[in-house]
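Below, chain A partners chain B and then partners chain C, in two separate complexes.
What follows is the complex of A and B.
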């Protein structure tokens, strides 16, 4: 398999779509984590999987990634069934999963390194995404020398660098402090509009979901099923601060909270 | 970082200083006629270095030691990796090494002498049986406890099994593997001295036994201190090899 060149980057993603068809998951116990989940994720948008903790949203994301085999059902990416991890999908980990012994640039280029892309070529790609996420000057630093927020930026750049159509993000901001997270969310919005890829985002923060998403798939508590699909459709013309004061934004946060409230002890 | 380094160096010097001062004090009291002071010991050591006896003895002791530790490193790390990487080989080796680690291995020495005589082979084997279990068990644990998210990361970015082993599992395991090598080296030193005391008196073991028998306690302690020093030098070398080979992020500091 040949890695896509730097030029074919951002155009490929727009049409990508993920289809989840009748997916169920049972963990030993037995615990029914997911039950007959059907979900369409349109290409070029950011779709959030939102639900109370333990609803199986991370499990669903890892099934889409091909890291977990579902007990039943299939996942289609660009129309092809998922058998395992594939080059058209990239994962951003909740705990970043950076190599502590590798510099920022090697971490960002690591996906390409595993695909056998020559050093000079993969470092050129990595440089581009390091600039994109705002870490210029940190290329030769090691993860332990970075702040938590910067580490997740490295994780994000690594996922972007492999030119996957679909980015799967597992609670990427949950370990990050509130102020850094807000900045990060604003950068995410810019990234979604610039990169034109399909983002699938797992979070348990209602505000984050409403603020970032084109579509929100609300999951029920265990066993997880798709409860409803919400499309915030907030105007992206507004500044981040305006959005956070928009009545539409506040009403949506309130109504989702109303839905979820009785599942929370 | 440099200020922290400076402080930790100062603390290390202070801790060694306190121990040496206590030694000198205890030797002067004296706590026992068989316990010489630091200054007497240093004086004897200097004299034993200049007449060549100490260097000659270390030269003899180091032979089974180096062969034994080199063998143990290769065999121990490979066994540890094999058992750590595969569930099928795990049951084969690990219970045996858990038992060996708990066993008083010095008790096996008479049996080794029966089988391999009083020569080099027996001494190398003593070093090995002391060093191998801890090296195997550490390497095994290091591999088995590779962070799950790093393994998932390797798989999701399409790493082959081989790439995941060499680019993720081994570097992630190296700190614990090297911790095992340090413990194994220390145990190997115990083995080497035991072998010289129990099998046939050669090298440092001979010096210790001889000076004890003629009640030259400063010389005896000089011999003991020289093995401790040699052991510390070995561990320091191991540490540098680790940083050089596997820990670029520590080199940067």
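What follows is the complex of A and C.
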């Protein structure tokens, strides 16, 4: 990879699937949402952007997605600078962004439909991922016939179906009730290990971040900057229930809360 | 409806007013109001005649062609206005002006420009129908959620794909509401156009009937037109209810 500029020699950059280089964002106001953010996101792992509300973590995710043009800096995906949305990245939306008039299978296959993949082929792919996320039997249902949790599974399957290297997930579980969310998080862990893709995950839940992440990028409040990188490294051999009782898990949640506490009024 | 504890079907009120009409008509109070039964009899008599069918054909053609043009131009234009700030700024003042303007006053202008023919009637239909269709399509497309727009961008939709596969459908409930109103306004347009031109279609028939004081014919014709407008409106209402299921939970 020939990443241009002096940053190409940055640490851990070699295996980075996504490289954020000096990204700043200013909204009209002016509000400095992000200030000079540098971040390497390694491939094949789940990296979480965690921070207090208003720290610009969703903005950063949308800049990586190419949906927002940063005021300064660049984002590299697989070594190439991001100009806009691209097929190597797929987005999972906080409010799912499903087509209400389309069945589950058409929603899941929608990314492929836009690329002109023939019906039979794209439905075969969609069926595979519908099975993967556990919605077999719901292919011909419509979003309003599904529970909130199932809707987000459809959103996730749509992102998986386009075979993007990088999945960008914007608080995907925030609209989902507590019990469903726990189940979803457990499925998410399995998915990360099966799919071996790069996941970038935005959340404001410390527990969720520690439970799911290989790496956590902790952001400061506005203007958002990378404050520290935390690697939970919890043993994935443990069952989900065991992890949630692990001292290492509980200590890490506590220490992040300690870090963030003084930002919360 | 309940009267003195008895359930009375809603059609009863219609029957009541029809009887009142019949009685007033038979009492021969005014030449303007013949009995309902003779107007209905006249209806059955004139509908199969060649003049009536020719007038009907001209009217329906101008009507549906005009509505079709209004939809084909109005819906895309309204959607584009809802998505593009500068197109909106450019066109909205005109749409807002025309949607509430007394359009009848413009028909003579069209007549001067396009003559006393079917073109004028067609343009009158478009003039009456198109503005509300544009305005409602615009409202629908403004209401499309930001995340659906971002979804279409992030999954690589071209402008055309976004329009055809997302915007059009997401705005459909408002678009259909606008088309429904456009249908009703177009009935006004086609009749007013014909009345003012008064040498073709129903306008011609109205002219003959009224100048010869053929009140039974006149009422028969009015009933046909009212029934036509009402049937169109009900048909569109039924279509709207079919898409209502997702207008409530568009996310």
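The rule is short, and it goes like this: the second predicted complex is superposed on the first by the 249 of 265 C-alpha atoms of A that agree within 3 Å, B and C clash if a C-alpha of one lies under 4 Å from a C-alpha of the other, contacts with A are read in each partner's own complex, and residues count from 1 in each chain.
Note that a residue touches a chain if its C-beta (ideal position, glycine included) is under 8 Å from a C-beta of that chain, and two chains touch if they have at least 3 such contacts.
Predicted, not measured: the structure shown is a model, and the values here were computed from it.
Once chain A is used to superpose the two complexes, chain B occupies space that clashes with chain C.
In the superposition on chain A, contact of A:103 is made with chain B only, not with chain C. Legend: residue contacts after superposition of the two complexes on their common chain; A:154 is shown touching neither chain B nor chain C. Contacts of A:230 after superposition on the shared chain: neither chain B nor chain C is touched. Touch criterion met: A:144 reaches chain B and chain C at once. Comparing the two interfaces of chain A, the one with chain B and the one with chain C have residues 62, 65-67, 84-87, 89-91, 93-95, 97, 99-101, 110-111, 113-115, 142-144, 158, 162 in common. By the touch rule above, chain A contacts chain C in their complex via residues 62, 65-67, 84-87, 89-91, 93-101, 110-111, 113-115, 142-144, 158, 162. Chain contact summary for the complex, chain A toward chain B: residues 62, 65-67, 84-87, 89-91, 93-95, 97, 99-103, 110-111, 113-115, 142-145, 158, 162. Those residues of chain B lying in contact with chain A across their complex are 147, 149-150, 152-160, 163, 167-168, 171-172, 246-249, 252. On the chain C side of its complex with chain A, the touching residues are 145, 147-148, 150-158, 161, 165-166, 169, 172, 243, 245-246, 249-251.
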